[in-house]
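Here it is: the structure, laid out below.
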């Protein structure tokens, strides 16, 4: 038992952090929201070169093997830096394709997904697929028992999200029927689990970014002649956010180690709620300036709640935890 | 003590309800934070005004019906129950008009109020400045005396409605260098299209230009547009804050209607027991807010004043509004993310509640110090 | 519409307040907890002389007619001063007996209950009856459909409450069968509604007493060289308690005006939760001294949660509000 | 990174589990806050000690097994899962003993620790004073130098266990009048039955004498019972607060067991969906607390120190414990009021959580200032 990142994992996290700190992810996210995907794809390439998308792809498909813990480190960084794009969905698609047990679709797609050469997306339970317009592969699991897998040829109608960087589409199940049978449902279940785990990690990063920026702001901003951050109400609110985030992180790591559905559900609830608490505090303590589209903060503020709900709402996760689903 | 309205009030309610049933558009107009929505809402104000429903509590000469605060509350209940559009003229009606009634001249009232009531002139507020959020008295924008009026210079921000509005009102420092920052401020009205005014719309979290920055460069304002005495602006602005406004900033009718919609949503979503308590709390909160307001209105009608308890009101409704909308989003499940859903704009708007009109931190300080008598802390 | 106490109601409240402020209700409550009922009954007599128990008794039974609003004023005062005894239950028993439509039990008991000459109690849904050892009449509604009314001859086994002033017993349905039939169930329903209303008002008084005492304490208590009440965290917590209490009170008054079950349920939830929030804040801000049996504060601290749950838990009230019960 | 215990640890777990299965009394002893319960719990400590289970993390010479913090956590998981009694010797084991290991003499360890491990000597803490709650450094009780030792005078309070315990430890002002209140304090151990000591039990909210006031009137303490150097008491007391204690003040095993019991209660009460989310949150919280502690223990095992993050720990478990117990009471419905119910004493105990061991207000100040780097406020 050593519930601590090892040196290699810490080094991986540091590399990603350095890579992202040097890139201008916020600008890429802004451009992405406008439908200009070029800066985001450039960023994505660098991220993929660091090996992020290989972490969910088996060795035999030119991946790094399955490394869920490293994946959570990557997604926390991705959340912290507001990287745009269907990263969670690309991971989920990789897991789904690899889980089919059919070599053909896996061979066709996995090497490209692992290398970052292709982006994939997957329709969620709510019927929406993130970034289906830019994704090279748009997957839809359909049928009464979820036993059909479609490679869709059209993104479907656009649906506006509260977070404009999250470009949603509602693809229909048509195009190529890639696979059919109970193994599709099983692989889709595994894909959803990985998606939930990656989303939990991403939410953690979003929550942390919001906290860090708010701490920096209240140290600078002065009202009534003193730094806003010296007010006890402000301090205690931020302390509670830190408590929530610091107790969510171990759940995310433990879920990565076990890939157990209940562990993932716990991680998803805790990190999603912590990110939302961080967002509420960030908004309140920035005051009106935080409520604007213009401030970079909005990139994280608007993401917290969609991530809390994506790939497992708190309600559905809690139901799983008490065995009611 | 009773909660029964008299026959005249019920007749008034019936009249309002009938008018609204006949006039409220079946589909809501576009968001009033867009250019086309602003125009549609302005047209709706004119429609309200044509039948004297836009400013029911004002005296008749200015376009109102002279009803008391209780009937205003009844009107608001009917208004929101009917699903009528948001009020684009809110800033003028609820912030500037009460000040003009208390401190304006008869000439100002006659000139300013009727076009406000008809939606012809939409007013924006111009209080905040970049360095003055909660600390409003630290304002720096200047009003410098000139022949026949004043020249305004400086920067205002968070000016809600200003992206599309016609005129604005606010406080300006006319006597710099006084001992206390509350002194030497003047309350002025000015034209947003006057020479020297630059309006830079600011996008809200959902991207809509719900407020703007105003850059003022020697904007001329004639003496007739000073409200109250020069240098007395702080007192003028604050005196109206203490009375009805504490009760009417957010009308209970709005929350009663929202809570009903929420309960209907819960019903249609299958009455999930896991969310039942939060739906019940929304119903309780709307009723509590209505009753609290009725109690305040009754005290006010009996000659009382509304003081620091308006801070209770502010904290309550702002926290309530967020909880209500978050419950709605949770009921929507995956559709909660849709920015075009029926609860989306209300949710974004609710998030601003604890920030504007005095942050809830400030309100809690006021409650603790003025209502509970706790020691004043460092502020 | 005039949602404001009239002069007579304010005078009634002032009279009760003066009466109770002059009495030593805390000592009576302490004695009551030890089984010494004498000081409590003496207090009760004065309270009854002020007309409190006549407020739920019809004119024809020597009562004051039904005055639920005045009743809430009385019970708020009773809660504020920690008056011991089955006051809520005596009111409920009065309503139940008057509601039977049978003159005999009403004539036998109501004048005595209205005058304070007799105390009554009534078994609640949980199976417990408050102060059944001292009550002159112990009523139990029983039977599958709640159509039997028993005047019980033994209090049954004692059951310890978190609040030792609340002496609970578990009486069985035996003794005299006073009445039977659907009218019993109807009258019992009405009695429960009055009990819930009175309990809500009492909880409000308890919450207010806790707040007032805590405010007084934090103004005096000094730590780190300043009054504890000057810390913003302390101020904001107490401000939130005041918000909760001040928004609960109008619900209690409105419920008294309408006697509508949903209105009563709303009043019960809001005042019970507000009282508990006040208790939590009072305990925290008093620190260790508040956690002791010795401090008078404990009389209110220990009552908040039982009152929140008695005659309608928040769960059952909320279910009624959304029409799920 | 892994969460799998090694084979030796699993063997240790099996051994503990088997022992507990064979020894834990089928019905719990009376509350340890009563005279008879105290005696029963003391006997239980002896039973634990007889097979070396009372202080597993101590070195063997003192009655322990020398296991590391991870195995201590495993032991605690098994201990609470088995429904074993509360630890009446907790104060001594978790507060005094670590200080003696760090700052005591070998003579003190040899003399004090074995009887503590066997439950023969039960220790009470004597930190607080009436005027010194959160502001611990403002202590006034005195230690005056005398021949061969010290004379203690003054008043201590909130001395938990003192109603029935044998000895106590605490800080006393040995050099009055120094500049800073943290200086000139001495850490001493003393006998609760020594001449000059008056113990006045104080009833907790539920009436049980869970703590006491100590009145000290020239109580003689020999030099051998000074821990660390005279005048260095604050440093001695605080240095141990910062390491393992932050992780071990409340063991995760306790909350895991409570959360399981809560889930079973929910199950048996009909799985009401309205409370399902709170039950889920109890399960999540227990697991999060366990994992957070494992992470801290792993850092500690790797040579790290546990600093201000123990404040995160304190805030988390104390709020968690109350929420868990209030959920249980809500599940009990009308039986929640019963003071003799299976959750009753735990609930009352949980209410003290945010107050003792540093109030949560203080902890949040520490988190904000030391972990987030916010400006130090007036305290």
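Per-chain residue numbering starts at 1, and chain names A, B, C and D are given in the order in which the chains are listed.
Keep this in mind: a contact is a pair of C-beta atoms (placed from the backbone, for glycine too) under 8 Å apart; a residue touches a chain by one contact, two chains touch by 3 or more.
Computed from a predicted model, the values in this text were never measured in an experiment.
Visitor: Go through A-B and A-D and name the pair with more C-beta contacts between its chains.
Guide: A-D
Visitor: Centre to centre, using CA atoms, which chain is the farthest one from subunit B?
Guide: D
Visitor: So how far apart, in whole Å, are subunit B and subunit C when each is placed at the average of its C-alpha atoms?
Guide: A distance of 40 Å separates the two centres.
Visitor: Rounded to the nearest whole Å, what is the centre-to-centre distance of subunit B and subunit D, using the mean of the C-alpha atoms as each centre?
Guide: Computed from C-alpha means, the inter-chain centre distance equals 53 Å.
Visitor: Could you list the positions in subunit D whose residues touch two or more of the other chains?
Guide: 272-274, 276-277, 361, 364, 378 - these are the residues of subunit D that touch more than one other chain.
Visitor: Which subunit C residues sit where two or more other chains touch them?
Guide: Each of 226, 231-234, 236, 314-315, 318-319 in subunit C touches at least two other chains.
Visitor: State the interface residues of subunit A toward subunit C in the complex, per the touch definition above.
Guide: 231-233, 236
Visitor: Quick one: which bits of subunit B touch subunit A in the complex? Just the residue numbers, please.
Guide: 128, 133-135, 157-158, 202-207, 211, 272, 274-275, 329-330, 333-340, 344, 348, 351-352, 354-356, 359-361, 364, 378-379
Visitor: In the complex of these two chains, what residues of subunit A are touching subunit D?
Guide: Spelled out, the residues of subunit A in touch with subunit D are 1-6, 9, 69, 211, 215, 218-219, 226-227, 229-232, 234-236, 238-240, 242-243, 246-248, 250-251, 253-254, 257-258, 263, 266, 269-270, 314-315, 317-319, 321-322, 324.
Visitor: Show me the residue ranges of subunit D that touch subunit B in the complex, using the header's touch definition.
Guide: For this pair, the touching residues of subunit D are 272-274, 276-277, 378.
Visitor: Where on subunit B does subunit C make contact in their complex?
Guide: 1-6, 9, 70, 263, 266, 271, 273, 276-277, 279-281, 283-285, 287-289, 291-292, 294-295, 297-299, 301-302, 309, 312, 315-316, 361, 363-365, 367-369, 371-377
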